[in-house]
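Have a look at the structure below before the remarks.
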Amino acid sequence: MKKKNLLGAVGVLGVGMLVLAGCSDPTESTGGSASGDSETITVGSANFPESELLAEMYAQVLEANGVDVERSFNIGAREVYLQALEDGSIDLLPEYNGALLAALSDDGAPEGVTSPDDVYDALQDVLPEGIVSLPQSDAEDKDTLSVTSETADEYDLETIEDLEPVADQLRIAAGPEFAERIQGIKGLESEYGLTFKEFVPLDAGGPLTLAALTDGDVEVANIFSTDSAIETNDLVTLEDTKQLFLSENILPIVREDKSDDTVEDALNSVSEALTTENLTEYLAKVQVDKQDSASVAKEFLTEYDLL
Amino acid sequence: MIQYLQNNGPVIQAALSQHVYLALLPVLLGIVVSLPIGYLAVRFNFLYHPLLNLSGILYAVPSLALIVLVPSVLGIRILDPLNIIVALTVYTVALLVRVVADGLKSVDPLVAEAASAMGYRRLRRLVSVELPIALPVMLAGLRVATVANVSLVSVGALIGVGGLGTLFTRGQQLNYAPPIIVGIVLSVVLAAILDGIIVLIQRRATPWVRAAGRIAS
Amino acid sequence: MNDGLLSYLLDGDNWQFGATGSIPSLILTHLWYTIQAVAVAAAIALPLGLYIGHTGKLSFIAINAANAGRSLPTLGLIILLVVLMGRGFLPVLIALVILAIPPILTTTYAGIRAVDPAAIDAAKGMGMRPMQVLFKLEVPMALPLISSGLRNALLQVIATSTVAAYVGIGGLGRLLVDGIALNAYERVVAGAVVVAALAIVVDLIAAVIQRSVISPGLTGRRVTRRTTKTVPAPSTSPAPTGQPGPGTRTKAPTS
């Protein structure tokens, strides 16, 4: 057989390997060894559009201030991205003070800690080593339990407490992580005494969960408060009388060794500009108009003179 | 759709190049690892069945599980694309070991004997005679492994590292079809291109197959 | 750490029959999805493959189906159909059917094509009509390849349908997706082990069925009850001793 041809084939493979080994790994820009470089900040986000929009805002405002930024979006739920933050795969991401407090505390948030400032202070005690929170925004996005207006009328529901007598007839949809969370099924059981008929794991505040609610496959759903779908579909958000879902002010969480004055000032300007109303408005551009988060973030930053 | 394409060029491009990297590297690594293992499986008969059974079991493990469990086993950071690469390399090896072993086994023992009689020693016989004869079978298996890898990379999107898979998750979160369609089309095209490249390599490396075909017909 | 990782799998509470979310109920759901998908795919691919193989028309579809099908990203297809069609099992079923058709189609076609033309001639010479030739001769002789295609499809669907849990479907994929969301790797391990074990068990059962259904003349299996010495027919198809030759056993992607 022609040795030449076999050698040729092996040669192509060998060259291919060398090229790949030598060529810059495009994935390194997404959280591989980026954190080793003290100049670059890796911005991460959770697996829902609002988180990505906020993270994109952070990234762009940092870039406008001369900071090198890598993006690593859509990581997963908090349980996953916290791990990424702790092991250094990401350096910065947008968080929600109450939810983070509940997640980092062993038994959920301490009693009576509900107002934004209280929550912020309590959060300082539980943040892991080397990770700090920057000043929070007034803008909030809370987990809600929402029902259709028909369901609200049928069972006379205004608050989460009202669910107690009928919960065993109702099905609830949320992301899979909701089942084990204090700010989820566990807390609803212990604080409100709710035992639902069925828990349907779908996507946290996402289209599947919303569709399950509006289609009538579930009666209660975990929808995020800044979701314009609440208004569009005439949904009723049940009042959280026992403050299980605390304040949820948006704030940047960052690794201490990556944060300097430039970074802090830039991120603070975003936090100050954000309000629940304008966040809802711009989020709708992504969720409803299907615009990409990068241009919507840019629009926001331009509108509020942050770039 | 057009608007989506216009506004998201960089995102699509980044996803595509990550996808190519994540799909190709495991294939190359898989070849390097499976050749010696496949050879051992044939050379030492008692290894054949255990190795092939192990391959079969590994191949039956769902890729999502493998991708997620690799960090725990190897102790690397969770978002490191290395997880995907290791997981896909395991799959590729699991598939190729069988193909390499069966390819080598399909070599007519008379031919191997003739080579020995001509003075070829084991290694040279392997490289000059047995491997070339086994090449068509192995390259066919390589095509399957490569195309399969292209499809499997997108599963990594469920932990945030998935090349074109990120277009799928984005589309799901927004209930928006264009990114998904773009992702599928690019994925299929990429697989077709890589498949075609291997076919070209196959033609150059094994010219006697086509010649035999022509003579037979 | 290993104890921790195996804890979900080994916890007896998770193996209660009938309890929602228990491993046995997930297995049953998973099998039910798989059977539906493969049955529908077979209902489409078998007749199509027989037709194309027998008549030789449209053969390019059958030849390229396997490659094209393998290159379709499973996750993408499932998500696309869910976005277009809404929630529920139907879009997932359609996606799984689309993915299961190629292996069945290609091997059915290949099996029919591989039938010895001399045997077909003999059959025609005996007076068999085309339909009889097809069903009494070609199909039985193509069975090794056809059944390996079915086995392939089964394994592929079992492994692939795990990903569908991402869009809310039940089955063993729930262990994987929920385990990832909860950062509970014991669940992921449990899911991985059970799916792999299920795939292997199903494959073994399929192999047994395959062996008993295929005519012994094809496999070279000696049928000892014959009194006259029967020389086993030289296998025109790869001997299906659980591991048919490379050409037929190149598995489609499992995800």
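The chains carry the letters A, B and C, assigned in the order they are written, with residues numbered from 1 in each.
As a convention for this text, a residue touches a chain if its C-beta (ideal position, glycine included) is under 8 Å from a C-beta of that chain, and two chains touch if they have at least 3 such contacts.
This one's a predicted model, so the numbers in the text were calculated from it and none came from an experiment.
Peer 1: Looking only at C-beta pair counts, which chain-chain interface has the most contacts?
Peer 2: Top-ranked chain pair by contact count is B-C.
Peer 1: Using the mean of all protein Cα atoms as the middle point, what chain has its own Cα mean nearest that point?
Peer 2: Given all protein C-alpha atoms shown, the central chain works out to be B.
Peer 1: Please identify the chain with the largest separation between its CA centroid and the CA centroid of chain A.
Peer 2: C
Peer 1: Suppose each chain is reduced to the average of its Cα coordinates; what separation in Å results between chain A and chain B?
Peer 2: Chain A and chain B have C-alpha centres separated by 35 Å.
Peer 1: Which whole number of Å gives the spacing of the CA centres of chain B and chain C?
Peer 2: 21
Peer 1: Just give me the whole-number Å value for how far the CA centre of chain A lies from that of chain C.
Peer 2: 39
Peer 1: Which positions in chain B touch two or more other chains at once?
Peer 2: Where chain B meets two or more other chains at a single residue, that happens at 157-159, 169, 172, 175-176.
Peer 1: By residue number and range, which residues of chain A touch two or more other chains?
Peer 2: 76, 80, 83, 203, 207-208
Peer 1: Would you mind listing the residues of chain C that make contact with two or more other chains?
Peer 2: 82-83, 167, 177, 180
Peer 1: Show me the residue ranges of chain C that touch chain B in the complex, using the header's touch definition.
Peer 2: Going through chain C, the ones touching chain B are 1, 5, 67-68, 70-77, 79-80, 82-84, 155, 159, 162-163, 166-167, 173, 176-177, 179-180, 185, 188-189, 191-192, 195-196, 199-200, 243, 245-247, 249-255.
Peer 1: Please output the residues of chain A touching chain B within their complex, sorted ascending.
Peer 2: Against chain B, chain A makes touches at 1-3, 5-6, 8-9, 12-13, 16-17, 20, 25-27, 29-32, 47-49, 72-76, 80, 83-84, 87-90, 203, 206-208, 286-287, 290-292, 294-295.
Peer 1: Mind pulling up the chain B residues that touch chain A in the complex?
Peer 2: Touch list, chain B to chain A: 4, 7-8, 11, 14, 17-18, 21-22, 24-25, 28, 31-32, 77-82, 127-129, 131-133, 135, 157-161, 166, 169-170, 172-176, 178, 201, 204-208.
Peer 1: Which stretch or stretches of chain C touch chain A in the complex?
Peer 2: 20, 82-83, 86-87, 167-168, 174, 177-178, 180-184
Peer 1: Applying the document's contact rule, which stretches of chain A touch chain C when the two form their complex?
Peer 2: Where chain A meets chain C, its residues are 76-77, 79-80, 83, 175-177, 179-180, 198, 200-203, 207-208, 211-212, 215, 217.
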